[in-house]
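Okay, so chain A shows up in both of these, paired with chain B first and chain C after.
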Partner chain A sequence: MTARSQVTALALPGGAGPRTQAPRRVPGEDGIWVFVLGDMTVFALFFATFMYSRGKNPHAFSQDHHSLDVALGTTNTILLLSSSLFVALGVTRIRAGNHRGGFGLCVTALGCGVGFVVVKTVEWSHLFLAGKSVGSSEYFSYYFMFTGIHLAHVLVGAAVLCRLIWMTRQSESSERQRTLCETGGIFWHMVDLLWVVLFALFYVLG
Partner chain B sequence: MSAGLQKSLAWCGVAFVLVLFPGLLMAGLLPPMPPTRTAEQVAQFWATNTGLKRCGLVVMLAGSALPVPFSTLIAARMKQLEGRFTPLAYAQIIGAALSVVAIVLPVCAFAAASYRPERDPQITQALNDLGWLPLVMFWPPATVQCLAIGFAVLGYRGTAPIWPRWLGYYNLWIAFIFAAGGLAVLFKTGVFAWNGLLAFWLVAAFFGTWYVVMTWQLLTTISHQLIDLGEDADGNRPR
Partner chain C sequence: MTSVTTGRRLTMVWLVLLAATCGSSLVGAEFGAGSRSVATIVIAVALFKLRLIGIYFMELRVAPPPLRLLFEGYVLVVFVTLTVLNASVRP
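The block that comes next holds the complex of A and B.
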């Protein structure tokens, strides 16, 4: 996945290129990793329960899987992966003191995030109209719960992006604000990473 | 305030867990019964070992208010973080107070279910549902409480933080975990039902550990306050 490795390389300016001499540091605030690793552990539990249930009832899961629109899922994957790239580029600009450049990139990332929410709304509306809902089958219980919880993360992430965009209005930023900006970026990458796994589980696994 | 009294308030958090979970076990609520049980099976459940089950409910009720002194100590610490204007400390106290309802309301419903084993099973089943659903679904006050703590820790701008910033992120994360039971009414089977892995077990485990972690973090702050206020271990200011 080239986009992600590119994102990682850009998000870790001390970890690649000629500046490898710089002291190693954890990106963002140390504390955010408590949240990120904790949240990813819970999602790992989500994925494990899904795979366990799917293993017990592969035929029903496979049948329900075909009701999903893979094109919409793929669109959303592209939207989130792109927004992650824009956030990484934006954070790099802000950390370098280029607030104007960071502003444009963060707004574009937010636009992709909003696009994700719109596509998800369209997708859910189609499913509801087709009579699929939380209670209609085990597969759709998982689908609506997991993508719903993920959607809540996207909304929180969008609020964090709004905060970063607000910060770029000032001409100068403090070291604390630059760290905050990197921390926000890490949260958005997590939201993106979780979606990639959800996409694989629900849309790709046949 | 003396360090001993502060420690007592802090230990109320661990005491709550040590009273609540044995109470749940005695009442036969751990592990939770499946929501798919018929009215007759539910009535049968409440008609067997009824004395022990009622005692378990009494124990749960007795422990239900232990978060009150515990959360007031958290609020006092949050006021140190927030300064003179302390809305988050108030939100935290109110969240903690309303969370007590998440124990008291189900205990009352379960007590009513156990009260007349000879009655129509349909009624006992309804009371049983009225106990289980709020026990698992009553997440918003606990989430508000954790969010308030999280934002107070992360919002601190001074130079002498009394808590590490990871505790702020930890509380934000726990706030999200507590919401996992919120949709239990939509399910009768699976991981999000009231006996499910995610709606019940995950939340119960993190609910229990949160009290232990917060007690530990409160205990680490006690010496700080003595230094801040220049008080000795008995709470007296030196003349």
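The block that comes next holds the complex of A and C.
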């Protein structure tokens, strides 16, 4: 057990002695949570800005929203949710010392991430060909800016996944390396988590 | 054994997330988000999904209470903010 871990012991009613709960611990490195919560706060401001502007001009937003392909947005959501599952399972395998299993799962997660980038590229190409761009309307300004910033997160996340995959090629890993794997996984889940709200705002609400 | 149980739990969460995504897409396509109540449901489903990702995939369910509370607080604040802003949409 690491220094940061602690076991919560509860006294059973009737004086039956202590009962041990699941150990409480900070997943990954402490510092990743400062970054993740900070990034999530910045995106929360993006979400609120979008909703505020939508409230002032709902009809224009609704019209532009119909230019988006909901099927492509749903496909991308499914790809990111699936990649998150594979990363979570991969980290579990790596923690259990099963590097080969972790390798396969992380490669599959990376494949889903690449799929997201491909679908996003196709979607943006269609929009550009239809004459939509950052400057075409308020809705599309938000759409291209926020999904563009998110796409940059996906690319950084893909690089992090490559690092995890490289780490799983080693036969053994230290406690430090396992913590780094968890940290990389948390970053990737954040990318997924932010997309879930962007999807609801741009593709479903509009 | 623990790994199998964890894997099953994660897979169940993933299935719930997929169902919520497809349900949300269908509701949006069928009823549109012009209605405030439908928009509130869409926001609630999105924040519910966000919470599932945090609690299970990011493993915040085993995190110390202060970190877990920060995350839960974030979910609540974002939900309330987006719902209030949605309620202010001009008809």
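Here, the second predicted complex is superposed on the first by the 183 of 206 C-alpha atoms of A that agree within 3 Å, B and C clash if a C-alpha of one lies under 4 Å from a C-alpha of the other, contacts with A are read in each partner's own complex, and residues count from 1 in each chain.
Going forward, a contact is a pair of C-beta atoms (placed from the backbone, for glycine too) under 8 Å apart; a residue touches a chain by one contact, two chains touch by 3 or more.
Predicted model, so just to flag it, every value in this text is computed and none were measured.
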**OP:** Quick one: on chain A, after the overlay, do chain B and chain C clash, or do they fit? Just give me the call.
**Re:** fit
**OP:** Would you check which partner chain A:Ser82 touches, where first means chain B only, second means chain C only, and both and neither mean what they say?
**Re:** second
Original post:
Regarding the shared-chain residue A:Ser141, is it in contact with chain B (first), chain C (second), both, or neither?
Top reply: first
Original post:
Of the two partner chains, chain B (first) and chain C (second), which one does A:Val204 touch, if any: first, second, both, or neither?
Top reply: second
**OP:** State whether chain B or chain C is in contact with more residues of chain A in the superposed arrangement.
**Re:** C
**OP:** Identify the partner contact of A:Gly31: answer first if only chain B is touched, second if only chain C is, both if each is, neither if none is.
**Re:** first
Subject >> CA minimum distance (chain B, chain C), superposed complexes, angstrom >> reply: 14
**OP:** Report the residues of chain A in contact with chain B in the complex, numbered from low to high.
**Re:** 29-32, 34-35, 38-39, 42, 45-46, 49, 53, 134-135, 138, 141-142, 145
**OP:** Please give the residue numbers of chain A that touch chain C in the complex, ascending.
**Re:** 6, 22-27, 33, 37, 40-41, 44, 47-48, 51-52, 54-56, 58, 62, 70, 73-74, 77-78, 81-82, 84-85, 87-89, 92-93, 96, 98, 182, 185-186, 189-190, 192-193, 196-197, 199-201, 203-206
Original post:
Taking the complex as given, what residues does chain B use to touch chain A?
Top reply: 154, 164-170, 172-173, 176-177, 183, 186-187, 189-192, 197-198, 202
Original post:
Residues of chain C touching chain A in their complex?
Top reply: 2-3, 6-7, 10-11, 13-14, 17-18, 21-22, 24-25, 27-29, 32-34, 39, 42-43, 45-47, 49-50, 53-54, 56-60, 62-65, 67, 70-71, 74, 77-78, 81-82, 85-86, 88-90
